[in-house]
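Below: the structure, in structure tokens.
Read from first to last, the chains carry the letters A, B, C and D; within each, the first residue is number 1.
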Amino acid sequence: MNEKDIITLIKTQFASAKLEWVEAPSGDNYLVVPSEALRDVVKYIKETEALYFDYLVNLSAFDATEHIEVTYHFYSYTHRHKLVLKVKAVRLNGEVPTITDLYGTANFQEREVFDLLGVRFASHPNLARILLPPDFKGHPLLKDYQEEAQYNGIETTRASLL
Amino acid sequence: MTESNQPEKVFKTEEMVLNMGPQHPSTHGVLRFELTTDGEVMTKAVPDIGYLHRGIEKLAETVGYVGFMPYTDRIDYVSAMTANQGYAMAVEKLAGIEVTRRAELLRCTASELNRISSHLVGVGSFGLDMGASTPFVHALRERETINDLLESLCGARLTYNYVRIGGVSHDLPTGFIDKAMVFLNHFEPIVGELNRLLSDNKIFIERLANIGVISKEDAINYGLVGPNLRGSGVKFDVRRDEPYSVYPELDFNIPVGLGKAGTLGDCFDRYYVRVEEMRESAKIVRQCLLKLKDLPEGDIMGKVPRKIKPPKGEVLVKVESSRGEMAYWIVSDGSDNPLRLHCRTGSFTSMGIIEKLSRGMMIADLVALIGSFDIVAPEVDR
Amino acid sequence: MRERHPRSVNFEIPRYILFMTYFSNIKTAVSTVFEGMTITFSHLLREPMTIQYPDRTPLPVKDTLPPRYRGFLCVRPEICTACTLCQKTCPIDCIVIEHSKDEELKQRVMTRFDIDMAKCMFCGLCTEQCSTGAIYFTNEFEASTSNIKDLVFKFIKQGEKVIPYKIPRKKKPAAAAAETQAAAKEKKE
Amino acid sequence: MQPFIDQIISECEILQGLPLWFSYLIFQLIFCGIIFVFVAVFAMLAGYAERRVAGRIQSRIGPNRVGPQGILQSLADGIKVFLKEDIIPTHADHILFRLAPYFIFIGMFLSFVAIPFSSQWVIADLDIGIFYLLAVESLVVIGIVMSGWASNNKWSLLGGMRSAAQIVSYEVPVALTILLVVMYSGTMSIQGIIMAQGAAPWNWNIFQTPFLFVAFFPLFMGSLAEGNRMPFDMPEAESELVSGYNTEYSGFRFVIFFFAEFSNLYLIGALATVLFFGGWQAGPLPDFVNGLLGIETPLSAAIVKNLVELCVFMFKSLCLVFIVIQLRWTLPRVRVDQLMNICWKYLVPVAFFNLVVMGIWMVVVPEYVTDIVALCMTACGVLLLGYFFYRVAWQLKNTKARLRFNPLS
């Protein structure tokens, strides 16, 4: 099934939700999903026979300065097709529903997004920092993140030898 | 006899919380597990990662597209060549850069040689986890020759930084093809010997059979990739199913787990897929070398703009690294530096399933499980 | 009673098969251990792989390295054009070049060319950018020192002024590089 | 030992003036000292040999820098470890922590009292020598559990517990096999068991009947397990328990663990040699050597005879020690529950079966049949050895390996 068919299928299913199909001039095209509808859409594309996206390739996000774009890359091992979904989250503690119960791999990846970008995944079983220590302040992948001069009394910068 | 009237004393035991790592010998780097054990049997093992988090993704936002290439070596230092290649492919796709055929063949040769060396480390250190120290040294001995070959190709033994955006940094040195052929001829019987020494060993099989069984569905759901996925019987390989580079022209098999020792998807299957893959990679290298021999001298770099500035957009490129599918997700805003670069690695996703599998395992089995995933700690944390 | 944790997989196997596996287990165990013993014994007769670095190698290791080996960086200031491309390419900023207009000589001079080898990650991006081959890799790799400041290589002495090299025009870069290198050799001699 | 001391006293005029008990005491002390030195030197050399053999097995060279061919490497390591700070963890049980290494070492060392080195050189030829060996070796387990417990380290504790379970379990097949040999030889004295065998291979216990041959394996594996050697080195499994019961030890106390481990290596070889490989039996070899050297005085002749027997005994034991070392570098480690499986489901039934069948055999089968069977078994043994070397040659040919036979390079 090609991209167009997938999108029309999803769009007809979720006619009421505001789905926005973006055809990028270069790179991957993606479907922007409002965060309320995300769980339903994901559930649908995972369980529908024709789509059957059983594999979550990547769950990541980036800081687009006005909001954070959480991006989901899906792949289907049975049909060998893919889909990119996007959810726009509010910067600083914006909430996005979790899909941990649908995809086991989402657990760690959501924790990573929370850790580095501060997106809260609602009803995630264990939304704790994963890569950074628990007492770390801030979310370093945000564009306006400022590194603190000291971490637990240790200087974070070192004088250059040059 | 007053005591007999009293209720029988219940012998109370407590669960013990054990801290495994970060400096434990069999955690393959700096990983930590919090084990809750009842004697030797675990009730839970919670991975605690991040000890090697170096913020490579943040660095990518400042060093630019060309400058990030050496950092990809450090994401997965055991298999740096494939990490290089994946990154280069992602930027090329985003910026629309063509790669010459000679460069593709060179990349393929180097990657597959690197895959052999990475699997040798994986297989050998897995043996070491199981207590067999000799196969480990034998594997490293073979890897040494590959290191020498790649050193003569690109000048470094571990952090190659060989692939460039649009091509590769060097053409073949003189005598490379012959030396590589000699190595391959020597290597193929060595795999047989490794099998006779380790894989066929009854103790080894007993340690791995029916341990850490991952079903097909679980493997896909938890996003296992590469040999770990194929160990569960899913016949999927990025090189075959989403072909890139010169792989469509090459003849190779995709080994999958067959449940040879016990159940499909147990530790032995994951291990054995790697052993088989070494043979397949040797086959691929042979074909690539023959193709390179026939190919006339040519450019190894495509047409690359002086300053790489991909247009606005984002791309996810998958590459079959030694630890499975490695996905680079690059978001560009049209400037010199990527807006966001994310690297989804095989080791990171396989950490997620450990907690689920660990229930009811013994401590020694957890060591087997971690080893069978062939986890490289810097790849987990990046 | 406490709950016992089941082992990962439970099989229902008929009794007669269990009885047969009992002996086949012994058989495979003995035969595979025997096979393993023959392999390890055969290794006692094989040639060891060890290179007894540093003192018992037939040749100094430095001389056995391939020509592309990425060891320490070295600079020939006499053919450096002071283009500072290497400085700009370096992902970790371990190269510092200072150049300024000199009043006495009435032209641009380089006053500093430092490389922090302690920081360098030997990626080789700088050498590829250099159009004259002024910055290049050597075969030196033994970097251990008791003072990390020893690893800052200064290719222009303090107070010295080096006039940047000018590539003669209308020549292909490769030929120019060869010629400049030849010129550098002559200069040294 | 007594006849030998008597012989010396009868030869030496100085000693004849002394009271007999005093001479005995002096000589016993001297021999104990010799044994002590032997244990120390053997542990050192075994450590060195193990590393050299491991080196060649792993395509390496092994230690070759300290002293000629690195023979002093263990000494250098020992000195280095001695110089280390002796650390006792704060929350450790101090008394037990200090005591544990000595328990282990004493348990090891007491075994040497009953191990014969030749027909006359044995500190104490006890009538129940084999029984004594079993009893004394069990002391080690107390030391290991003690050290594991006292370290106040969970990994050490796990190691100690594993070792307790392991050593206690493997006592059973070992004891059953020893019982079989005792039954066959009709004596519990170690010298008696050796004297019941002969110098020629077909007179060794191992080749007497197929059952005795099979019985060798429970004994060998059992003693491997009791000595925490490789396929069964559960208590110190370094990839699981870091280093097990001796994780927290350093300095001198650690050296004692090391000594105990390597002297135990010798015990494994010596016990198997005594029970199955004819011990010091040298046949006509001592007389031949005496004839060659032209020795006439009875004392010198006795010394030469004992020396030859010592060499034979050491050769056999060291061959077995070599196999133990080679096994360590060949096999992966079994899991702790598999360890118990092997013991209770395989070794114990096999040992019992052998015991019963051997009892029936001894009653039913006439002696000349046993002799014929022994010859056949010896032939089988030789064939097995031949097949081993055939496979070795095949492995070399299959991988087209470059050869170097010099063991010192």
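As a convention for this text, contacts are C-beta pairs under 8 Å (C-beta built on N, C-alpha and C of every residue); 3 or more make two chains touch, one makes a residue touch a chain.
Small disclaimer: the values here were computed from a predicted structure and weren't measured.
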Higher-contact pair (C-beta pairs counted), A-B versus C-D: A-B
Inter-centroid spacing, chain B versus chain A (mean Cα positions, whole Å): 24
Chain C and chain D: spacing of chain centres that average the CA atoms, whole Å: 49
CA centroid of chain A to CA centroid of chain D, Å: 63
Centre distance in Å when chain B and chain D are each reduced to the mean of their C-alpha atoms: 44
For chain C, residues that touch 2 or more chains besides their own: 25, 33, 35-36, 39-40, 43, 49
Interface hub residues of chain A, defined as touching at least two other chains: none
Junction residues of chain D - those touching two or more other chains: 57-60, 329-331, 395
Contacting chain pairs - touch in the sense defined above: A-B, A-C, B-C, B-D, C-D
Contact footprint of chain A on chain C as seen in their complex: 93-94, 96, 114, 116, 118-119, 148-149, 151-152
For the chain C and chain D complex, residues of the former touching the latter: 22, 25-26, 33-50, 52
Partner chain C, residues of chain B touching it in the complex: 13, 38, 41-43, 63-64, 66-71, 73, 134, 141, 144, 151-156, 159, 161, 169-170, 173, 193, 196-197, 200-203, 210-213, 262-263, 357, 359-361, 365
Touching residues (chain side chain B, partner chain D) in the complex: 16, 18, 24-26, 39-40, 127-134, 137-138, 141, 186, 189-190, 192-193, 197-198, 201, 203-204, 206-207, 362-365, 367
Of all residues in chain B, those that touch chain A in their complex: 49-50, 53, 55, 57-58, 93-94, 96, 218, 220-223, 234, 236, 241-242, 310-316, 318, 325, 327, 329, 331-332, 339-340, 342, 344, 348-349, 351-353, 356, 381-382
